[in-house]
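Just below sit the structures, each encoded as structure tokens.
In the two complexes that follow, chain A is the common piece, with chain B as its partner first and chain C second.
This part shows the complex of A and B:
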């Protein structure tokens, strides 16, 4: 009974009655004195494409390797489909992994690489070859079946690695930086292909990446990791628009952060005095805080407005000088030095091909934002 | 067109004036070395092998004679025909090849687990273990072979231990047997097997072994399907490094072997110093060279093929 709705649309994580498919409970991993993963608990649901996002050394790869069985947790428990997997050897787990290096067997053809897992589990040769042929067709590698890995391009190798990991129909597919070695154009194409394959086969994917754009495009949910801990779990837009902390706001996309002190605390708005911004910040909703508390206000560059004329009002507007403009084609990034000395980033979509009125270098401009543009952070 | 002398050092300009380039000079040095110490002696030996033995000094007839401006050439292939007619030589060649082959095979079986263990050891211990493998080279090869005599003779350490423990009453005959020759060759050449094997095994990526485990292969299956095929180039290199010198080995069969250990090195020595028949000895040497070169060329071909496959 295939579900017609995608997981991203069903959102099983919002339903407390749903049973998670992968259950990571209080997992910690130490290498000597170094703590790679610290007290991570995470539930992943069937059919999800879950991204672990973090910088290098954040512990995301170690967590993935513990799920694959290459590392044993120092403490905690890992459960897949209701079965305790904490200390099960990798060759006995219902998981398969796609390695960052692809780890294709150099002495075997594409066909034998893909067939390897099936033959190891004792499947009859002709049946295995049938499955391999179908899988190679899915990843469009049929004409390359007889080639060795070194005779393939980077993109083709990546697809062999994917086919090899998928052909055993694992309950859970683990992907370590799956698109890291591809150039930008190929990466974008492959992202969509990956999502399509994932939806076709209905296998639960867990992807490790340091690339926030990749995480945004691929995933049903993202877990952001920092220094061995999961700092926030949420859907891509949640992570982007409602970050819990300055770290997440800054790591995912770019952001302008102003420090401020609460000077008015009302049920339906608060006001921050921010010398860093150079004006008062008016927040159009209530926030759990106390007077004089220090808070941070984070606004994304695309939610910053630039204008030559005063937008009016008593707050959320400051003046500055354009320092730099980066033209990216679809949009331009402006770096504006505010009168307070802080440099902010603002983007503008280039909707017209030629803009006679375009703001240029060294111009004095107003920077403003609405009272719902940003998010208040207390850490 | 460029001016060759512009922007170059005085040395380069000097060489250019002599019609030489730096690159040619670099190649010329080893080439001259090989010509002087390998090619010329080889030609001398080849020349002697085509002459006849004589009671003279040197103990062979000249290959050519000058009479005024006329030169007379005396080519004598009788020595080679003699090697072919007398079964002794063919037996010696075959025995040498089989001894070298068996020794190399045993060294492979013994050396592989050692190389594997070293390659899988953590970094600082690896260096120590490799040092231990090379350590015997710090003592003279000859002394070490003599030491084996002390171990293996009837009143030696091994027999003393076995009789002392009451396992045997009569001492076992260990010295002057083919067994002792195998033992000596394997012992002496084992480092040459371990080092190339180690070099291939240590390069084997951990990722490949993890991928194999991840795809459901137990450790033994991973070893047989991934590690072993990928270490074939190292196995061939190690095999050649033991096999080739073992064919012409003289010291080990002389000191550890019995009277029936008829290896070609010993035959050569006897022919040269015993019978003082330099031409036959030279013919034996030339044939031995061919016997060694042919398997090398053959195995190099296999190795190149295996490396191509691994890439």
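This part shows the complex of A and C:
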């Protein structure tokens, strides 16, 4: 039975024979002259925890609201579990949503908040209360069943909202910035809890967030949105290590981008001349490009090496002066001004508690990277 | 130091100006003398006389009925108007509806009263209803201007309300009408109570419009007071006024206390 495996391990999106659970086809949403979502097509598979990642105004919330039924698409089609949902009212959809503001009914107790959906469905009171009790136990809120929302802490309210959205066992759970209102420590705990609950219940989750760290931790796949369009869909490590564009590379994590011109194009390597970096960039694999084409080379800070001595070789190494060091505990971020004038970021893990040899301010250092450290981008 | 003295003096003068008439009215309601301006010792006889005067008691009863019924109707209609204006987006005729719903706020009472009177007379001639003028016509007239106040109060509460509450209810399977009664009404309840109280006092207080649209046998309290005062202020009016002040003051205290409590609940949420 393949279902015993988590969806992240099965990767149904790689198998063309798999039927997607949620199909979004060429969906566009306009508000007057403003286009909030433009021609989005997206397939989501059963059991996935899919993150829509984007900045504010990228259209991610509008897309979520269209799936929930609060907005009707201007054009396009939304299908859930094989049924056309494009123009179905929100109260007739097999989806439930957890709102950013939690939207708990302030005049109802926790128990009645969670029971509301079941009672609207016409479930008998005692049966509904049984389900509610089980759900409150799952989110560890049993002792708070009789409280009103304003008597709860932020984290507790978040769990009530989750319980209320889950108790109807929707086919698809939509979460709008689910952890946005929580402080950092609580957010980290809740992230793992959310994934655990999702795996226990096997419900398909769709999460909207602007927090790339959150998207990385939670999701089986991420869809990055920008200005109403999906710019890349992929597993977290794909998005991080193999971004398709400068936008994605820059939006997810931090990155150093060098502009360069192709001066050698061989089947198993290419070489870029980059005045911006101040050295030639050697890429250790073939790239579909033409001579003299302008490309960009993106290297993550943790893949940049800093050294006092010349690492040797004719490329992928450049000198600069340490401008700033930010100590974050587990790692330190170095900002190095290269001789070309460009400032790059490099991180170093603080493996030793005391490092007498540590590179310090205003020191002249070599910055280098391997020929597989970065990714070539053409837009 | 001049400022230190200036403020208390102005403040005292202000309060004296506002409340001295009311205080003297309350004091003179316990006056034994028949002459309103001459103190003749403490007595509650005007209160006794008041409660045995069938005309005043009848008028008070009519006023209370009119106020309660028109406040209730005004809350129902005003809430619907406010709901349409805040939740139905930019539909055609929205600007006109906004203007029309709030016009009675600024309309001179004389004009409202006169136009309603003409309407009632014309309607009676054409469709035979309302047959004559009386409590029904006063209630209709009061609803028309009270609902404007209710609409304004409720509208501000509705637009301040988190709309995702309604969306959440809909998302959980409630149809729009259900959402309205399960979520919207309870959340805006404080505004409904405030609107009702406002409409109630406005109706209780109204003299001009009621005088226009009333008929025989339906004199409200303000009308009786006004007609009595025209024959000279009698001390039993002082007693009546004192009772009204006491009731209103109590109402204000209760309303403020209630509002504080609900505010406290909301601030922590």
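What we mean here is this: the second predicted complex is superposed on the first by the 377 of 379 C-alpha atoms of A that agree within 3 Å, B and C clash if a C-alpha of one lies under 4 Å from a C-alpha of the other, contacts with A are read in each partner's own complex, and residues count from 1 in each chain.
One rule holds for everything that comes next: a residue touches a chain if its C-beta (ideal position, glycine included) is under 8 Å from a C-beta of that chain, and two chains touch if they have at least 3 such contacts.
From a predicted model like this one, the values you see are computed outputs, not experimental measurements.
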Chain A as common anchor, with chain B and chain C clashing or fitting: clash
Touching A:242, do we find chain B (first), chain C (second), both, or neither? neither
Now for A:164: first (chain B), second (chain C), both, or neither, which partner does it touch? both
Let me test your reading of the model: by the given contact rule, A:107 touches which partner, first (chain B), second (chain C), both or neither? both
Does chain B (first) or chain C (second) touch A:120, or do both, or does neither? both
What part of chain A is shared between its chain B contacts and its chain C contacts? 68-70, 89-91, 95-97, 99, 101, 103-107, 116-117, 120-121, 148, 150, 164, 168
Which chain A residues qualify as touching chain B in the complex? 68-70, 89-91, 95-97, 99, 101, 103-107, 116-117, 120-121, 148, 150, 164, 168
With touch defined as at the start, can you tell me which chain C residues reach chain A in the complex? 162, 164-165, 167-175, 178, 182-183, 186-187, 189, 265-266, 268-269
So, in the complex, the side of chain B touching chain A is made of residues 205, 207-208, 210-218, 221, 225-226, 229-230, 309-311
Show which residues of chain A lie in contact with chain C when the two form their complex. 68-70, 89-91, 95-97, 99-101, 103-107, 116-117, 120-121, 148-151, 164-165, 168
